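You will see chain A twice below: alongside chain B first, and alongside chain C after that.
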Partner chain A sequence: MNAVAFGRALEQVTQVRGVRGAMLVSGQDGLVVAEQLMEGLRGPAVAALAASLSSRLSRAMGAAGLGIGQFWHLQCEGGALLVVPAASGLLVVAVADPEVNVGLVRLELLRAAEVAR
Partner chain B sequence: MADDVRSLSAELAGDPQSLVFVRLGELLRQRRQFDAAARVALHGLERHPHLADAHDLYARILADQRDFERAFDEWDMTLRIAPQHTGALKGLAFLYFTVGDLAQAERHLEAARAAAPDDPSLEQAFLMIRGGAPPPAARAAEVDGGAAEPVQALPEARVFAGLEGANEGLLLLDSAGLVLGGALRSPGGEDVAVAVAAYLAGVSQEATRTAKLLGLGEWRGLAAEGPGGHIYLTLPAEDAMLLVVRERAVPLGRLAMLAQRAGQAARRWLERQR
Partner chain C sequence: MTAANVRAVESWTLDPLTTYVQEATARLVLLMTPAGQVLAQSGFSRAVDVMSAAALGAAIIASTTELARQLGQPPFAGLTHQGERQGIFLASFTTERGPLVALVVYDLMASSLGLVQLFFDHLVAELRAASPKAKETRQVLAADFERELNESLNSLFGR
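On to the complex of A and B.
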């Protein structure tokens, strides 16, 4: 997998109206692998927080017997964080406006996760 | 009544397009033959998907089976087809009452009264709501003034009494990750409430930190899909979390709606405890 393919996969995510940025994050250490973010978004912070929340959520879902999370969506007053874990251990992350089409972002994140597997 | 069922069944067999299925389904429901009633209602709905009375019938059957979430959807559909349908308005009033949303319950009863001012069962329903009496446990349709039978009150001590899946898949916990109410079992049947609650305390703290540091404001909900089911986590009060877990067949959007209803019940329960 190369940087060009990662970039293309993220571009598909950011083309969805309302998406402020997308990135590939190492799920294990929360480091940025690739990113396409609007100005003002702090990539390293988004990556670290997404990885940490993903890890805690995975533990809770595992304890509930539901398996490893395939998609999660944090809904906030001022926006949303959407994440799809890829098979490679990478996380595909999007930051979006509150009124974004979540279903469409989910689809693009899943496609990007296929590229990142 | 058995003769009526036989006669209506024969009539329906002779003319599968007949609307007699509504009467047949209702008779079976009154006899508490819910599986047979549901089959009749569903077959009828296949042939008459835009018949409001058919959706109302199916909603009553679901409510009798305590599947309140799906009953809500069916009555909601009834009103989309026929906005003045009194059966659906009264049914939804009942469901709102069961989750403690008295304002919505009263609003639906008012709408029913505007549509059917001479309906004597409405006064009884208003009295029940305004008096705060416990709702019937599994006889939603009796709000409609049918043949009343002794009914059993919902246990007030249960946080989610009256909600679909109240005994499993709804968990209320405090900010420290201790269980306040509800129950949660793994798909294998194991009681996992305490373990999951403990992990969720960390999830909630991390969600709060994430939303704050990313400048996204307060977080309102966290939805997640897993191969074994879907979850929705929300904050019904400042110091409490609510988890809803359902099988994968339940879409996340519907899960959010259920969480909203369960959150109302949780808030009322928390207020009573304080």
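On to the complex of A and C.
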């Protein structure tokens, strides 16, 4: 697991049509570990807020007895936020257009999460 | 957290700090000068805690500034220390009022370093926009010092 491997894994995610950017984020800190973003995307802001959301969702799912989250997809009017938690505590985050192929992005996020394991 | 949790000696810091505490979900915040003079606080319940934290924070800033000077680079922008349940973020920045230091303590269950840093940028921008011009320096007399200190503590704890 190194910066080059992280970069390659994120590149696979961003090659999906409609993906504006992908990041590896420290789940506990909300800090960017690696990123491949289109210009104009505020990486640190997305990372901090996605990690905060992830932490709260994890607690909610834990309280509901649903176990560990595997994939989160937040669909908004102007796009989508997709998150896959890796076993290492890192989060693989993608920001995408509203009409993106979610299944394909999910697959690439899961592959990236394997690299970040 | 409501506005009632934030107390300010200098009222222009109140709104930016209140917003910051809410957005970053910070547990304790201290806004002070690099000399340790407190401008505003949130979350502290005892004067002695504020004074200790201000003195320690100012000492850390002085140490790291000197370390940076010896390394031949500008002062460090920020310093973080993460414990088991809480984290500390200490950073200095400049305003029209002069250089200021913020000490932020956050619970890891409620917030994160990313959130604290993200909204800290907003705090700095808002403080810069609200900041008055630097006061002219004047000689500090012992009697004035004690009176001003008491007035500050009264403002910070609503006495």
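Structure notes:
Everything that follows uses one rule, which is that the second predicted complex is superposed on the first by the 117 of 117 C-alpha atoms of A that agree within 3 Å, B and C clash if a C-alpha of one lies under 4 Å from a C-alpha of the other, contacts with A are read in each partner's own complex, and residues count from 1 in each chain.
As a convention for this text, a contact is a pair of C-beta atoms (placed from the backbone, for glycine too) under 8 Å apart; a residue touches a chain by one contact, two chains touch by 3 or more.
Small disclaimer: the values here were computed from a predicted structure and weren't measured.
Superposition of the two complexes onto chain A shows chain B and chain C fitting side by side, with no clash. Of the two partner chains placed around the shared chain by superposition, neither chain B nor chain C is touched by A:E39.
When the shared chain is aligned, chain C comes close enough to touch A:L31, but chain B does not. Between the C-alpha centres of chain B and chain C, as viewed from that of chain A after superposition on chain A, lies an angle of 120 degrees, to the nearest 10. Of the two partner chains placed around the shared chain by superposition, chain C is the only one that A:A47 touches, whereas chain B remains out of contact.
In the superposition on chain A, A:H73 makes contact with chain B only, while chain C stays out of contact range. When chain B and chain C are set side by side, the one touching more residues of chain A is B. Here's the short version: in the overlay, chain B gets within 10 Å of chain C at its closest Cα pair. Taken together, the two complexes place residues 45, 49, 52 of chain A in contact with chain B and also with chain C.
Residues of chain B that touch chain A in their complex: 184, 186-188, 190, 192, 195-196, 198-200, 202-203, 206-207, 209-211, 213-229, 231, 245, 252. Against chain A, the residues of chain C that register as touching in their complex are 82, 108, 111-115, 117-118. On chain A, the positions that touch chain B within their shared complex are 41, 45-46, 49-50, 52-53, 56-57, 59-61, 63-81, 95. Across the interface of their complex, chain C is touched by residues 25-26, 28-31, 44-45, 47-49, 51-52, 55 of chain A.
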